[in-house]
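Labels run A, B, C and D following the written order; every chain starts at residue 1.
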Amino acid sequence: MSASRLQTSNLAENVGTQPVFEVTGLTKHFGGIQALNNISFRLHKEDITALIGPNGAGKSTFINVVAGRFQPSSGKVFFQGRNIAGLPAHEVAHLGLSRTFQLEDLFTGMTVLENVMVGCHVRNKTGILSAGLRLPSTRAREKRIKEEAFEILKFIGLDDKAEEKTTKLPLGERKMLGVARALAMKPQLMMLDEPAGGLAAHEVAKLTDLIHKLKEEGMAFMIVEHNMPFIMAISQRIVVLNYGVKIAEGPPEEIKQDLQVIKAYLGGSI
Amino acid sequence: MFISETIQYAISGITSGSIYAIVGICWSTVFLISGVLNFSTGEFVMLGGMLTWLFISWGFSLLPAIFFGVACTVIVAMLMERIVIRPVRYPSETTFLLITTAAGSVIRGIVLIACGSDTRHIEPFLGSSPIMIGDAVLLPQVIIVVSVLVLIAGGLVMFLDHTLFGKALRASSINQVGARLIGIKINRVRLFCFGLAGGMGAIAGIVIAPIEFTGYSVGLMEGLKGLVVALLGGWTIRGTVVAGLALGLLEGLGAGFISTGWKDALALFVMLTFLIIRTLDLTSIKKLVYRHE
Amino acid sequence: MNDRSFKTEISIAGFAVIIVLLPLIVKGNYFVSVMNLVAIYAVLAMGMGLLMGQAGLISLAHPAWFGLGAYISGILAARGILPAWATPFVSAVGVGIVAYVVGAPVLRLRSYYLACATLALLLITQIAAGQLSDLTGGHEGLLGIPVLTVFGFEFKKDLHFYYLSWALCLICYWFLANLLNSQVGRAIRSFNSSEIASASMGIDIAKYKRHAFVLTAIMAGLAGSVFCFYIRLAIPSSFEFPLLVTLMMMVVIGGIQDLHGALIGSLAVIWLGEFLRNYMKNFFTSMTSEVEAVFFGIIIIVVLIFMPDGLTGWINRIPSWGKRLYERKQTSNQ
Amino acid sequence: MRRPVLSVFLTCAIGCALVSGLGYAGDMAPYKIGICVSLTGPAASIGEPERNGALVRINDINAAGGINGRKLEAVVDDEQGAPDKAVIGTKRLIDVEKVVALAGYEYSGAAMAAIVPAEAGSTPMVVGCVTEKTWMPTKKWTFSVVPRQKDAYNIILDSFLQQGAKKIACIYVDAAMGQMAREALSYVADQRGIKLAVEEKYSLGTSDISPQITHIKSAGADAIFIGGYVPDAAMVVKTARALGFTGIIGGDQAVLGPEFIKLVGKDGEGFITTTPKALVAGELDESDPQKKVATDLYEKYTKEHGVFALGGVHGWDTVNLISEALKKTDPKLDPAKPEDVEKIRVQVRDNLENLGSVIGQNGIFNITPDNHNGLGQKSHVALVLKDGSWKKY
């Protein structure tokens, strides 16, 4: 495992224009229902890629399959040159792919800070014995994790609510906390599942800023979203799904003109 | 000799199996329709038997005693839903598990305080002159037990499949929110389920009392076996009946030919194995395939 | 976080001082032996509370680990296979291995199914303890367990066991409190609220479930081992279904969300039980324990409905009440 | 995890308050006798009569003016059939209640567990449970009043053989009591050169016993011996008769009592068991040395507690032995003073070993330093169930 990981990281440094992420022929069916049908596309680091489509198009399923929650029926998912299709979710996370959730799915029993600290899990292995005995190494690590988590909260603007329970946050802040938690994993690629859903205009603006800032730092993004103005403003590349099939792919301007996309969104009436 | 022995074991197995099946149906009706696993189901069985005995000892004749026994158990079951289940503010499996177990021990304790710890006996309904099958003996009460199972299971299937109310119940079991939208009141449904389960459990307790006696503590084991068969039967009525009879037969024959000491462990072992096998789905195999690619 | 663990350590130290001093203040073996039982059951309740409250695993097999620990220790010591002081360690390892082997398949189950499977485990263990009478002494119990001797020191008095079991209890508490405030603990707590989110944070849920399960089982095994040297008897009836109900009561009454809930629950349930046992018989000439069972049953129902966080929920709220009172006073003064 | 110190301390304080409340001692100092029985739980049907029997004897003595001018006071503890409760209860009796001696313990598991604290607390303990392991090997502070099962089973076996039984089956409950019954029966049978035709066991509180009965039938047994408690033993009898078993049925005296007769109904006719003499007091010879005590207990018990049950005999005997031993203690010792209580305990124990012969319910006791039971063989009477009541065989 460690050898292959080393290899992939070497690859990632050398590739340049090679895609961070590539799906080929990804298919998923639940019983008789075809949720994803032979989807292929590439995702480059330079682009913020958006995945759009009407309700039931299979966007969330796509994220769930890629992130390891569901097993794909067939197809491959390459992440940094390695096929991650079928890996369990926690292993996918370890490879540097993180995601957020449509309904934010925070850890309700914990404080805001602790939620972010959970996100640091991938980079901090703690043995059960050393944790229970509170060995000096664990103490040091705990301190570091806490500082890191606090930094992230500051970065995202939630540091004043660090000790509050998540249930007390308003929706917008919960969404942001979801992003912060995913951020704590320091991922290579982040998949945001409807990050702007239910946000007010100023919150969306804040989110856009945040994404741009992170992109500067070299993080790749894939965003699933309904909010069209947001998508059109932020993304460089858009993939459109309908009934589990990819019907279009391209820069926002092209997609706006695409007849098939318009038809999919407005129903078959045109 | 061997054949009649086997028949004897089978009879004993079918008798207990029928009771397991009825109790199993009680578990699955409540669980399937209201999502609560009621860990005091066994106490309904105990209540049925004990109350009927109580009414008989007060001088009622058999049929009215049975009627009152069942009616009182139904009332207790519904009260339990009303007092214990409905007010729970943060419903979770853990809460329901704990609260129904506690309710069970309250019921058991009250019966014990009121009726004493003595074991009770109800006379067989059709007398005790045995029917001989070769050398094997069939008690008339066994016929009653089996026919009660057939009546309950058949009646319930008919009710759920062929009446409007039954269909509504099934609908609410599939989708609680949806059911609420089309005007089914979940609380009422659950109340009804508890009453139904209480009634069926009580009947099971009554018909078995002449064979197996009844006492304040019979509920624990009967309840547990019911849970086992409900699980094995996949919470469906047909499945539970099949599982109940199968488990009863397995126990009867196992006790007859293998060991009597491990009889109760057998049922538990079957349940454990079944549960574990259930978790082994195809995904883990698929995972292996993907990893080796 | 650091100040919280500092707080935990301070409170454990403070509590340890109270524990050490208590027998000097309150005389008598009876008090000591009841407190001893409180400590032993608190270890069990802590484990069960951790699994049910923090990890969201309804594990009902805890009494089985307790019994298994007692039997491993008891058999090894009574047969003279190992010196008594070494047996608790063997028990811990043995229980750990069994819990690991059993836990691997069983922990794939969830909610009620897990409850059913672990309940089955408990009952099977119980039946086995009665059936394997050559090994366990059957229902009569395993006799001939020697006095626990560590480096020539004989644990003969209740007071010795009092300190031993409280040491075990506080160490377990310290260990679990540390654990819960670490990455491991946060991982365990995270999948209780959302397994999907937890997995996508890179947490290997199956692994941590197993860790929590095995760890608490080992603690229960150790408690069982101490218990068997204490009453010098290993008998099926000391870890049967009633113990499970008792543990549930402790966890619920103490409060399921917090670790020290189990400790408080154990204190409350055992002392309340003793109180009822000693005073109820003035009102009920027989059936005292049934009255007790009904009483406790009603308490559980009331607690679950009206105060889901148990006693600790209330106690935790005291400071905020105080604060609110203080604030109200401040505002009225202005 | 916020305020553990405060909360745990609070609960502790409550605990302490409770304890200090418990440690009271009255000014008028009676001798306290701890009676630890299970009033609930699996052995309650024996425990309750045992307590009643003990109370009968204590009231007797008090009515006659007590011992050394002091009354006896019964301190009853319910051990609920659980070993840990028995241990704690025993400690409470010794440390808090300051009893001079312990009596009761009808449940073997509880008795075995309680021996440890009783021995450690240097308090004489007279148990009323069947396990021989309580007094063999001899322990310093532990005595027993219960006759050995073997003696009783000899009598039952005699009557089986008298009625022409050839193949004897043993069915026993899968619990401590049943295990001992099986051992004792096969020991007794062995001594006569008989081999048990078949041995079957069933779990406590079983719901179905027909597989075992079928085994017994197919082994061709013509007599069944039952070593079990009331409901299960009754179920064995009923099932055996229902499945067409026509031979003799008999069993351990644990079945004595009204419940068994009610449960078995007509099927129980001819059931053979043994009893101490109290139950057949009216039918005893005038010359019988136990006639007086047996009649006495039977009458008082039925008057105060209703239908007579077996445990009463053991309870009576345990208290009786203790009171006999108490009579010989130094009357100046004050049971209200803890240091005197310790002296009384030592004296009671020493006296118990040197009482000479004491007429009791279970027989005539002659406890010696080597034999802490001291019962002869002739303490049982065979009984048969006839027309719905127990008759002398």
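Note that in this section a residue touches a chain if its C-beta (ideal position, glycine included) is under 8 Å from a C-beta of that chain, and two chains touch if they have at least 3 such contacts.
For clarity, every value in this text was computed on a predicted model and none was experimentally measured.
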| item | value |
| --- | --- |
| Chain centroid nearest the full-protein CA centroid | C |
| Chain whose mean Cα position lies farthest from chain D | A |
| Centroid distance [mean C-alpha coordinates] between chain D and chain A, Å | 72 |
| Chain B and chain D, separation of their C-alpha mean positions in angstrom | 37 |
| Distance from the mean Cα position of chain C to that of chain A, given in whole angstrom | 41 |
| Junction residues of chain D - those touching two or more other chains | 40, 44, 174, 203 |
| Residues within chain A bordering two or more other chains | 88 |
| Set of chain C residues in contact with two or more other chains | 127, 130-131, 181, 287, 290 |
| Of chain D, residues touching chain B in the complex | 40, 44-45, 174, 200-203, 205, 207-208, 210-212, 214-215, 218, 230-231, 234-235, 242-244, 259, 262-263, 265 |
| Footprint of chain D on chain B - complex, ascending | 1, 5, 8-9, 11-12, 15-16, 112, 117-119, 121, 128, 130, 137, 139, 208, 211-213, 215, 217-218, 221-222, 252, 255-256, 260-261, 263-264 |
| Contacting residues of chain C [partner chain D, same complex] | 4, 8, 10-12, 14-15, 18, 22, 25-26, 28-31, 33-35, 37, 127, 130-131, 133, 138-141, 143, 156-158, 177, 180-181, 227, 230-233, 235, 237-238, 242, 258-260, 263-264, 267-268, 271, 274-275, 277-278, 281, 286-290, 311-312, 315-316, 318-319 |
| Complex interface listing, chain C residues touching chain A | 1-2, 5, 54, 175-176, 178-179, 181-187, 189-190, 192-194, 196-205, 211, 215, 257 |
| Residue ranges of chain A in contact with chain C within the complex | 67-69, 88-90, 92-94, 98-99, 101, 105-110, 113-114, 117-122, 124, 126-128, 131-134, 138-139, 141-143, 145-146, 181, 185 |
